[in-house]
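My questions all concern the structure below.
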Amino acid sequence: MEFAYLGPRGTFTEAALRRLPAAKTATATPMSSIPEVLDAVRRGEVDAGFVPIENSQEGTVTVTVDELVGGDPLVIAGEIVLPVTMVLASHKAPDAIATVASHPHALAQTRGYLRRELPNAVVHQALSTAQAAQRVADGEFDAAVCAPFTAEAVGLPVQAFNIGDNPSAVTRFVHVVRPAAPPEPTGNDITSLVVYIEHDQVGALLNVLTELAIRGINLTRIESRPTGEALGRYAFFLDCTGHLADARMGEALMGLRRICADVRYLGSYPRDNADRPVQPPQGLSDAAFSDAAAWLDSLRGTGNA
Amino acid sequence: MEFAYLGPRGTFTEAALRRLPAAKTATATPMSSIPEVLDAVRRGEVDAGFVPIENSQEGTVTVTVDELVGGDPLVIAGEIVLPVTMVLASHKAPDAIATVASHPHALAQTRGYLRRELPNAVVHQALSTAQAAQRVADGEFDAAVCAPFTAEAVGLPVQAFNIGDNPSAVTRFVHVVRPAAPPEPTGNDITSLVVYIEHDQVGALLNVLTELAIRGINLTRIESRPTGEALGRYAFFLDCTGHLADARMGEALMGLRRICADVRYLGSYPRDNADRPVQPPQGLSDAAFSDAAAWLDSLRGTGNA
Amino acid sequence: MEFAYLGPRGTFTEAALRRLPAAKTATATPMSSIPEVLDAVRRGEVDAGFVPIENSQEGTVTVTVDELVGGDPLVIAGEIVLPVTMVLASHKAPDAIATVASHPHALAQTRGYLRRELPNAVVHQALSTAQAAQRVADGEFDAAVCAPFTAEAVGLPVQAFNIGDNPSAVTRFVHVVRPAAPPEPTGNDITSLVVYIEHDQVGALLNVLTELAIRGINLTRIESRPTGEALGRYAFFLDCTGHLADARMGEALMGLRRICADVRYLGSYPRDNADRPVQPPQGLSDAAFSDAAAWLDSLRGTGNA
Amino acid sequence: MEFAYLGPRGTFTEAALRRLPAAKTATATPMSSIPEVLDAVRRGEVDAGFVPIENSQEGTVTVTVDELVGGDPLVIAGEIVLPVTMVLASHKAPDAIATVASHPHALAQTRGYLRRELPNAVVHQALSTAQAAQRVADGEFDAAVCAPFTAEAVGLPVQAFNIGDNPSAVTRFVHVVRPAAPPEPTGNDITSLVVYIEHDQVGALLNVLTELAIRGINLTRIESRPTGEALGRYAFFLDCTGHLADARMGEALMGLRRICADVRYLGSYPRDNADRPVQPPQGLSDAAFSDAAAWLDSLRGTGNA
């Protein structure tokens, strides 16, 4: 089994990939951009891709979502949610640091720390945290803001741990494959969708949410984006609790299919959190759906039940 | 084919029954109460019953509804909606009328006329409009308020036509049979239901209506009644547009079955109004349901559609 | 203080009136019909009227509701809910009874008992339970089905108590006055309304219920009726939990006023049940409304809160 | 009047600022990051800030939103939506270009063009499109992907116009001030909000949308984000049609205030699109709100209306 992932080596993405069960015995090749990773999957050059899709610094990684939505179909087969921990990597003690470099997002995320602890250091932007660390290792700057394993990879000591302003910051990565039946339901799954509605009407969005709510399906994420295609056509990216194989998810998907301008299924996969499987609400189990179908069949056949 | 109907002969019920296509070539036996009619159907003594279920004077005919809901199952196979036209039947001219008799409901319905045109007449209550007309024919009272055919049946001239205060008053009758598959859909059908919910929560009723609304099903009648069974258990009598055989009605019924304490199906039958068959709303035709089911099957099989 | 009520003396209505606190020291005059009672109130001949509005046998007393909705305005200032207990009143023991008389509704309500215990008795309909009892007292029939106090009034012994098929049957009566500010809120109140919507759309009814639900207002009764005025115009009779003086009820009423073709307020009054006052749901107390209004004022004034 | 904006000079942000009516006669100072701009506003060093908040490449500019939501309050007083047009800036003809540089987002946005027209060029990432253009001007790379005015600013000829893969790409910028009463309503306004709900329940989000929908308020944008504060607490960023001064917006805001864990108002301001002012839906004008309030006052005072 072969994975491609967003490189370079030594970043959070590689650290997250190591945690993915499906990648345990796989070979893993870094690539220089998200589109390259996903195109390699599409062309069958690798079995699977692994890329960030959402993080606490940037919000949605739009290029990943755009790639999943456009072009030849791909589906998500798994997710990993990784805490983002930033360190100050330097050969010098903090009070001797005159210059600090990192990617703009990492600098934004540690702004409170830098203002407080290194108020006089000059800040430089780099193309990635890995590049910043390398340039510190090369002597160009005094310190880098980066992940612990990035510091380790270039041989820089850590002067301060956990310097992020938001200690609960996480990045979410997805395991992407060519269209295939999803992994088995675990009882704690996510189904990702994009639905398109024709108008910027809150009524249309209410209808979408109602199709989910009456089947006991929750949202863990929603994001609207104008599609640019035509006046008033909107796309909504939804992460829903539940699995394609669940009766209630099936009925909800059919409902969305009927009322939306378009629905694109992006995969069902186990949720990466500590939660145990949860039972569906009363009346929404597969058994309740079977019972209701049998009752309807009886009514249609004999007028009695 | 044999019908039983609520007698006596010469009432609105008999007039309505004559309009029912299914009764064209049937024999018809009057019975003295609604429970007798329906029990005769239950016991197989007749093929079908015909009774009033709702009218402009009394609202719901509760005894009919209670009989349909309790006891051995029956279903509605047809309806007739009959305009209610009242006449003043008498051998005397209006200004010579000193006493007028009728059923209390008919008196209530013509109260405006009687006050205006017969302000000095003494009003007497009778057990039915037919009994009142007979007592006028027998010379006990001067005039009766009754239907035109009732006056005709006892040989009384009509002194004034259309004396009802509400010229659009109607009575609705139902054709009731033992449980059986419903008549074929016509595109303009009603499905009658009783749903039970556990609490007097508007939220629970909203959920019921939402199950209907998202499938494009309208209500032509709703009525709540406490069931008396337990604190807070409510029954709702619903007349819904659509037919048991419609995909959208099937899905709505299954939804109600899952979320309600109980659902009792009371039949699908052609609506007796002048409306033409109407197309289901976009996305809610049987074809749209089939398309969505095929799409879901494809997703479940291959992850693609 | 003077009340008019639906007579004759000795019926359930008089028994209920005796329980109404506002009528404790009032004189009470029976009248022969509901319209007469309400017209006497309208014309100022009495201070208040007392009439049945809903019962377990007949459902809604349509004539009462129609009178409240049409003509000069009246409002409900109180309600009494009275258990309906039927007895078999006769000088003879049950096995010697050959004829039994009552009002058709009372006969319907005791049908199970009569079939089981008096299978051979001939049943006669009367205009009222009081009339039936009088005719038994006069020797015309052997037994009457009526209320205990009716039997007592005409001096008939009771052969069997509680013979109703539904032991939890009740009748609900209302205390009606000319328009006036309602009685003080008790925390356990009902507000009665009629709302009109233009079409028989479940969507329109959903909107009405949503206006109530988002303010935490429940329904204890709902009933639709075609208005007969124009194609598709429907009236809904609603009994809602809460009082006109509540902030949340006020906002809900204003919402209904804006979205409905018409709204008619029929009064706020204490609920006649054993329940204690209940707190409004979180966020829906008068205090929560005041807080939100102050917050909005601050935003509008300064952009800050 | 003094503005600070996200620099450097010569970017889309400066081009957008030039279009803002409120900035016509203002001095404008570029700053090196969004937090610096907004802090300068907070400290009163400038009167207003101007920063990107959303764009077709990246989606939401999370740092802007985070700054608006956290720290001392700021509000949005205006928006500018600017089409994003990308050019290929180079002294060489396309077929002679061996290296091309730009910011990763600009490269992603022109990926189709670069693949098709410059399939053999080596792509280099830069910290900004302005930096890329400067390095091309300095001779380090052959070509830059940037905005037309950026090419002009560094004296580079344009070899190809409109090379973006999505010709309708736009960036949205906001004019930010210290809390103040909003600009006058124009009839075509946006109100920006953040609402917090305690659980990841679709039901809670449905309630939020319902508070908007029943007041005829649409959404032009919705985005959820976990707050990181506590398990299951979610923030929703909403752009709503309407103005703080509208009666219906006021009632909706009060409703959200009551049902949400928290609501943060981020400003009401004219929408930057070609649309004319639109009338509120029937029943939701300020006049309809006044009428309903007067009706309620009358009911509360006299029981009549």
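Going in written order, the chains are labelled A, B, C and D, and every chain counts its residues from 1.
By our rule, contacts are C-beta pairs under 8 Å (C-beta built on N, C-alpha and C of every residue); 3 or more make two chains touch, one makes a residue touch a chain.
Molecules present, by chain and UniProt name: A, B, C, D = Prephenate dehydratase.
Model, not experiment: these values are computed from the prediction.
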Problem set entry | Reaching chain D (Prephenate dehydratase) from chain B (Prephenate dehydratase) through chains that touch each other, fewest steps | 2
For this session: Just give me the whole-number Å value for how far the CA centre of chain A (Prephenate dehydratase) lies from that of chain D (Prephenate dehydratase).
Result: 23
Exercise. Roughly how far is chain A (Prephenate dehydratase) from chain C (Prephenate dehydratase), going centre to centre by Cα mean, in whole Å?
Worked result: 58
For this session: For chain B (Prephenate dehydratase), write out the residues touching at least two other chains, lowest number first.
Result: 210
For this session: Determine the shape of the graph in which chains are vertices and touching pairs are edges (line, ring, star, complete, other).
Result: ring
For this session: Determine which chains touch and list them pairwise.
Result: A-B, A-D, B-C, C-D
Seminar exercise, completed: Within their complex, chain A (Prephenate dehydratase) touches chain D (Prephenate dehydratase) through residues 33, 35, 56-60, 62-63, 104, 108, 111, 125-127, 166, 168-170, 200-203, 205-206, 209-210, 212-213, 217-225, 228-229, 236
Exercise. Contact residues on chain D (Prephenate dehydratase) for chain C (Prephenate dehydratase) in the complex?
Worked result: 73, 75, 179-182, 207, 210-211, 214, 244-245, 250-251, 253-255, 257-259, 265, 267, 283-284, 288-289, 291-293, 295-296, 299-305
